[in-house]
């Protein structure tokens, strides 16, 4: 619509071809791998001897259903905690009077920048002294650490468009802080909170490094089983699980897209 | 000084906050947790040992997976936060761990001394779980005439191409010496000398660039079928199952195989000690002990179990392939020398 | 808290108020505390689970109490030794007593492992000494003990082992940090620096930086045209392109790595296509190589580089380009002189993000690379959970974080100034 139409054909054609190639590189490997989940034999090669749904059936075994339940429980707990902590922090940080605001902002985003393996090691040693390794609480704390920056970022972004005088107006009309938050601020920042919550959920649902360090046998999750599966139990169940998670995350993605459009 | 004080008081603050959190959790007693190498092996465990054990005793038991790295056990034992109760492993982690005080010394318990274990099947900490062999498997149709001995993995001239080898000095050093001309009976004596170790590493150096390392026992058939390697060492049951159950076009080579006994060990200080011993004793009942080979051709460890092994499984069990050119694995050697050899191997591999 | 920091962040309107009245100034301080209140839970959380664990790592990298804790009297007695020859016989007696106690307490092997880090064959040297001591009471004569120990292992008649023990009368040392920096740390029995086999950490850091750089450059080269086309496509096309670039971003890392393995393996899709079309006689081994590692990481990081570029490019007004074109500049020249310079902050932010993230990669190289493609992260994981050498794992973490900060902070500041 805009300026690339000004480009002559000899620039446009190679440019489109290049971009198409790059996007193909992103999407095609997935497209080529997913059908393996229908192979009757446990090998990751074409052609198949026969088609079969056996690897999808394997997902119904207690091992995988248990992992799915664990993944959801851990992700929900993480989402609640991270969204609560992150939203409150973003509101605080939006206030220009916040002391050491830049420093605190850097601290809030640090879990995104510090290598996960370093955070995992630190928590592993620290949790060792608190007996939090191999516990549900330990895993949720670790995931919340990784997920909270997403909430801080998305909520901060929506808050830049929020007019804080509205809160003062609400207060002058006799609204309490909580009531004012719920009726004035929350409706405005809701898309940001929602997007942050979805990102937090996804971050936890897909997390494997922390799990390898901190989780125990009672906290098997889907990514952990997939990681173990890529080493100890190599068969297309992993790909079948991938098909299911991709379907699931596509729904999540569509949801964020709508939320983002709504703001 | 003041920094450490600050650090300690920070930690103290954390500890007190979290102690409150942790105490809020009800102190549930843990299910008996049995740990093996994952995949098919774990499934077989559940079918023939855990399920019947729970039925028999009412004690519920769950499986977890490890890859034989002792560090996890050491971390648990040293922190006192133990979540694994029965470890099934190859001989070397159990023996090395026993030497380091990581496993309960239950070898003199009458539960096990009177179970009729085969020779070498009972050590200070280890109770024999199954017998297995390291063999060579190759993909049919690549070579006009396939390899004839496990040590052919070192022969890159006759059999060019990538080859799979377990990422561990165990088996690799022994096979390197045999391939280098050391008699099977002299392998451990040679490996006990610094020159012998250097010789083994030098032999490994000759094929280092051609090796794809595997870590989990499920990998060799997969590497062979995906064409990543033309031949690979493998545990006998994994290769046999791939051929019989999964249509893998592979051939197994037994000459120069390394036969060994796998062991159960109990991490020291587990709250489920009694249940763990009960479980292990249960697996030693002859019929139960033999049942494993119905699903996976690993051999029994109790003499009386031989009568219950199905005749069609026998050719795939290690017991039928022990002869003068096969090496009997020496767990005792690895218990004393293992630490240093593993350290040297890890840094050698990373280079 | 310093007042200066507060006022810097105060809006101009408010600072005008402040000049008017000192009373409001007091109110501002109270307001600062009030403003901070909602953020307090997250701050507390981060303090506890981010700052304290990072300090724990720092502490673990210099904490080295094994030797001093197991052999307190020996290390104390060695302080008066001048470091030449061997110490007095009495020290042998002290050590024998403490070795015996360690053996009984079950800490002898752990001590041996620690000494082994620094002394060639250290574990064996300690175990040999311990085994040579008589089962019953130790001989009262220290000279006899000395002969027993030297007889059991000639290393006890040399200075190497003693020099190492002498260093550890304190629970802190720079040993792990020196090890992680690749400085010579291992001694042989004579006390000379050993050139025996060991980890070559400088090579591993170099490898980490080179792989990260390669991935960053590739994502920028591939990502720039992609971001440009997305930024300049309107409506549906733009949305679909954005969806495609975000799709892998939303797919599990493990799934993407798995799919690359399926595609790249020797009997994989790429080889089947190439041999099928007759372009290739024999299939190639793409997997477990450096290019496979870089390709996989590029595929994973592309979205991270594209998104910041995209958000900057979207703010560049189209009229400027049209203006340049109407003044006679060719399409390429107009792009290079008008568009590109304005996109630079986005490129810098995107590549910086990708570079920093790549430095910490660990799962991907492990699954698609060979042992000689493993980056620092893999070694941190290996020393934590396979070798249980937390001191070295912590020291590697410190070097990784410090290195990342040194390499990227100056750039990050410039990016911020431009943004």
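Letters are used for the chains, namely A, B and C, taken in the order the chains are written, and counting of residues starts over at 1 for each.
Everything below uses one rule, namely that a residue touches a chain if its C-beta (ideal position, glycine included) is under 8 Å from a C-beta of that chain, and two chains touch if they have at least 3 such contacts.
Only a predicted model underlies this, so the values are computations on that prediction, with no experimental measurement involved.
Engineer: Which chain pair is joined by more contacting C-beta pairs, A-C or A-B?
Structural biologist: A-C
Engineer: Farthest chain from chain A, comparing Cα centres?
Structural biologist: Farthest chain from chain A, going by C-alpha centroids: B.
Engineer: State which chain is most central when centres are taken as means of Cα atoms.
Structural biologist: Of all chains shown, the one whose C-alpha centre lies nearest the global C-alpha mean is C.
Engineer: If you average the Cα atoms of chain B and of chain C to get two centres, how far apart are those centres in Å?
Structural biologist: Chain B and chain C have C-alpha centres separated by 31 Å.
Engineer: Any idea how many Å lie between the Cα centroids of chain A and chain B?
Structural biologist: So the centre of chain A lies 36 Å away from the centre of chain B.
Engineer: Could you work out how far the Cα centre of chain A sits from that of chain C, in whole Å?
Structural biologist: 23
Engineer: Could you check chain C for residues that touch two or more other chains and list them?
Structural biologist: 51-52, 56, 265, 267-268, 384-385, in rising order.
Engineer: Of all residues in chain A, which are in touch with two or more distinct other chains?
Structural biologist: 44-45, 126
Engineer: Residues of chain B that touch two or more other chains: which are they?
Structural biologist: 11, 14, 75, 225-227, in rising order.
Engineer: So in the complex, the part of chain A that touches chain C is made up of which residues?
Structural biologist: Listed in rising order, the residues of chain A that touch chain C are 1-4, 6-8, 11, 15-16, 18-19, 22-23, 25-30, 32-34, 36, 44-46, 84-86, 88-89, 91-93, 95-102, 104, 107-108, 110-111, 113-119, 121-126, 141-142, 144-145, 148, 152, 202, 206, 208-209, 212-213, 223, 226-227, 230, 238-239, 242, 245-246, 249-250, 252-253.
Engineer: If you look only at chain A, which of its residues touch chain B in the complex?
Structural biologist: It comes out as residues 41-45, 49, 126, 128-135, 137, 216-218, 228, 231-234.
Engineer: Residues of chain C touching chain A in their complex?
Structural biologist: Interface residues on the chain C side: 1, 5-6, 9-11, 14, 28, 31-43, 45-46, 49-54, 56-57, 60, 222-223, 225-226, 228-229, 232-235, 241, 243-248, 250-263, 265, 267-269, 272, 299, 302, 318, 321-322, 325, 331-332, 356, 359-360, 362-363, 367, 377, 380-381, 384-385, 390, 393-394, 397, 400-401, 404.
Engineer: Going by the contact rule set out above, which residues of chain B touch chain A in the complex?
Structural biologist: Residues in contact with chain A: 11, 14-15, 18-19, 21-22, 25, 33, 35, 37-40, 42, 62, 64-65, 67, 75, 79, 81, 83-84, 215-219, 222, 225-227, 246-248.
Engineer: In their shared complex, at which residues does chain C touch chain B?
Structural biologist: 48, 51-52, 55-56, 59, 106, 109-110, 113, 116, 121, 123-124, 197-200, 204, 265-268, 271, 283, 285, 287-288, 370-372, 374, 379, 382, 384-388
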